[in-house]
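Below, subunit A partners subunit B and then partners subunit C, in two separate complexes.
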Partner chain A sequence: MLARSCLRSTRAVGAARNGVVNATKRAASSSSSSTANASSPFGLNLAGSAATAVAVGSMTWYYHLYGPELHAMTPAEEGLHPTKYPWEHIKWNKTYDHQALRRGFQVYQEVCASCHSLSRIPYRTLVGVTHTVDEAKVMAEENEYDSDPNDEGEIEKRPGKLSDYLPAPYKNDEAARAANNGALPPDLSLIVKARHGGCDYIFSLLTGYPEEPPAGAAVPDGLNFNPYFPGTGIAMARVLYNELVEYEDGTPASTSQMAKDVVEFLNWSAEPEMDQRKKMGMKVLVISTALFALSVWVKRYKWSPIKTRKLTYTSPTGGRRPGRH
Partner chain B sequence: MGLFDSWSDLFAAATPWQEVEAEAPKEEEEEKEDVKESKDDGEDGEVEEEEAEEEEEEEEEMVDPKEKFEEECKESKGCAPAKHHFEECVERVQGGENKKGPSEDCVEEFFHLAHCANQCAAPKLWASLK
Partner chain C sequence: MPAASRPIYNTLFRKNFVFLGVVFASAFAFEMTYDNAMDKLWDRFNKGRQWKDIRAKYVKTEEDEE
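Entry: the complex of A and B
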């Protein structure tokens, strides 16, 4: 491309030079009264267009060389970028749908909790969000926790309380890896904040398992093909299938419905303060608007005598100049 | 604090979304139970309908709306080029026309097709989900 543009430009320059020479010859031979100015526009045009061609050519070449973005990774390594879904709770004046949160918690407990922990969520935080106090207490009591040492120093088990955290499926990370073919199921408490694409990514990941990997794609043993996972090989198999969960509110439990609910629940577990935060933001906006308006009014009020005063200068009458006196 | 509370009360009154109570008072619970009972009473008719619907769904083996919309979108005009490229790639790879060259996969073509279909299906899907 460079060679071509260079050739073209040299040719153009040559043509321009010829033109200029011809033009001057013509000007010299024709002994008319017209000066060189009258005949030169043709030559000037040629020279100008040649310069433009050179400039455009070199810019094109430069852009061709350095313009395109370089990617270190192939699209497969990058993973398919998730589609943006119009989540209701992400809008700045909307809260979580708490029915969806309740359904999402059900999905988490019945499906995800067998491998993924949710270690930062105690039962008390569910109160008033997804469940009532009594429901939360009943759920907490279903689990056993270590109690304080008794008189003999033995640690006994006691039923859970509201202040206990959701139990983890494995004792530690090593146990989790050993049970899952070496892959560690991440803790889901902050997973929405911890992944690029947040809700969209997790929803796409949960629902995006194709029936079979595209032709030619290499899927290593023990991994599953998921286009959204960077590298496309994910250890987690597809877990959500239609009607896997029976919702207590009768919502049809399609795969995408369950994924949507559980993602909204996970977003709540990552940002439990969101409802409150948006409410507080609204208060801040309203109050600061009022205070700003007040301050504008006060400023105008205080400045009004200064802004509206009139300075006049009356020169001293009479012929005498001041100073001579 | 008083000023702030009054503000928040005013605000809560003016905002369309509801305050979520942490603890449901007992009276309300009883009422709720009553409501539930009455709902149960009222639901008998609905339940039958729902059952009928469920039966229909069971017969059809509930289709995931996402898959349904994406299938439709893949067939749509907008995704025709991506689908064409993907199918061409699948044929090429499975036919083994380029055995001499390095092995090829259709992941990229699949990405383009899936991206197109998802983009097209997203608003429809959200309209259909609860």
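Entry: the complex of A and C
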């Protein structure tokens, strides 16, 4: 607004200097006529510069207020970004490696299950994925579950069935906290979906414990240092060491091998439908590609008369008629 | 209509119920062959990874249980 009135005033000055005085034009620009006489090239430059400075300044101020992303936490509190690993089972046409799932379940049972529950996985889901029916039944029967009330209304213990869920290590969250120095070991059923970075994060966390915390890192009592854990102080100590479990298929049980297997197993427990989903997805992609190609062909076929026709115009008055030579 | 396609018209399209039957039958046939072919392709992509590939190692037969 300011700049525009300045421009108008220069025009008024020019008109006055040329001696062409138009009363109506003068009247139209009367709003700025008072400053017009006082304006000099220096004043105009100053006004323009000031206007630009105000515009740039207000934009900068606005960006400063609302532009930058807000981070509630420092990078240390966010945790180190996990490395991206080339997981085979993440590829769009690959299933889980079920041998790895079986090994991963073994790692879960022998290592993780002492603190972490896997409450959404019943034994029946393991059948045909990692174990045979008989193996799953035997595993289920090793645990005791509450039975239905008997005739006296007493609840007795019964051996587990295929439909029973994997037993939790603690009776409830409070018991879990009490046993773990106040920290609650999270349920692992959906942990791959529940953490940023998914498989990469959990693998990095499991294998990322340094020998000792770096100099200057503050590690509170009862916590362990892990750079991948948000806040770097994690209640879980390093659990995976070489040769901790003995794989029944003879795979060398290195730390990273066990971490990789258990991560793949946890990914299965979070997304047990993945194998089927990807297979169906492939079928859908193939058939819709074929149908799309078909529809393109039909469109071209139907449009070909319209695309190749030729319009001629015969002028009603004189002119040569087309086709006559 | 070209003479060659006349028998196709007579056998498949002329009567509506025949035509409908042909549509249903061919849909079933296509579905089965397509699913079979895709499953084969899928199994080739995932050779050795699926449960059915490793199941034989863990299934106990009658002889094993002696």
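Just so it is clear, the second predicted complex is superposed on the first by the 220 of 325 C-alpha atoms of A that agree within 3 Å, B and C clash if a C-alpha of one lies under 4 Å from a C-alpha of the other, contacts with A are read in each partner's own complex, and residues count from 1 in each chain.
Simple rule for what comes next: a contact is a pair of C-beta atoms (placed from the backbone, for glycine too) under 8 Å apart; a residue touches a chain by one contact, two chains touch by 3 or more.
Here the structure is a predicted model, which is why all the values come from computation and not from measurement.
Asker: Considering only the touch criterion stated at the top, classify A:Val138 as touching first (subunit B), second (subunit C), both, or neither.
Answerer: A:Val138 contacts neither subunit B nor subunit C.
Asker: In the superposed arrangement, which partner chain does A:His98 touch: subunit B (first), subunit C (second), both, or neither?
Answerer: After superposing on A, A:His98 lies in contact with both subunit B and subunit C.
Asker: A:Met73 contacts which: subunit B (first), subunit C (second), both, neither?
Answerer: A:Met73 contacts neither subunit B nor subunit C.
Asker: Quick check on the superposed pair: does A:Ile287 touch subunit B, subunit C, both, or neither? Answer first, second, both or neither.
Answerer: both
Asker: Examine A:Lys279 and indicate which partner it touches, taking first as subunit B and second as subunit C; both and neither are also allowed.
Answerer: Both: A:Lys279 reaches subunit B and subunit C.
Asker: Counting residues of subunit A touched by each partner, does subunit B or subunit C come out ahead?
Answerer: The partner with more contacted residues on subunit A is B.
Asker: Thinking of the overlay built on chain A, is A:Val129 touched by subunit B (first), by subunit C (second), by both, or by neither?
Answerer: In the superposition, A:Val129 contacts both subunit B and subunit C.
Asker: Once the complexes are superposed, what residues of subunit A are shared between the subunit B interface and the subunit C interface?
Answerer: Shared contact residues on subunit A: 94-95, 98, 128-129, 132, 275, 279, 282-283, 286-287.
Asker: Which residues, counting only subunit A, touch subunit B once they are in their complex?
Answerer: Per the stated touch rule, the residues are 74-76, 80-81, 83-86, 94-95, 98, 100, 127-129, 132-133, 204, 207-208, 210, 214-218, 227, 232, 242-243, 250-252, 254-257, 260, 275, 279, 282-283, 286-287.
Asker: So in the complex, the part of subunit C that touches subunit A is made up of which residues?
Answerer: 34-35, 38-39, 41-42, 45-46, 49-51, 53-55, 57-60
Asker: Subunit A touches which residues of subunit B in the complex?
Answerer: Residue positions touching the partner: 7-8, 11, 15, 17, 20-24, 29, 50, 57, 61-67, 86, 89-90, 93-94, 103-111, 114-115, 118-119, 122-123, 125-126, 129-130.
Asker: Provide the residue numbers of subunit A that touch subunit C in the complex, in ascending order.
Answerer: That would be residues 93-99, 102, 128-132, 134-135, 249, 275, 279, 282-283, 286-287 of subunit A.
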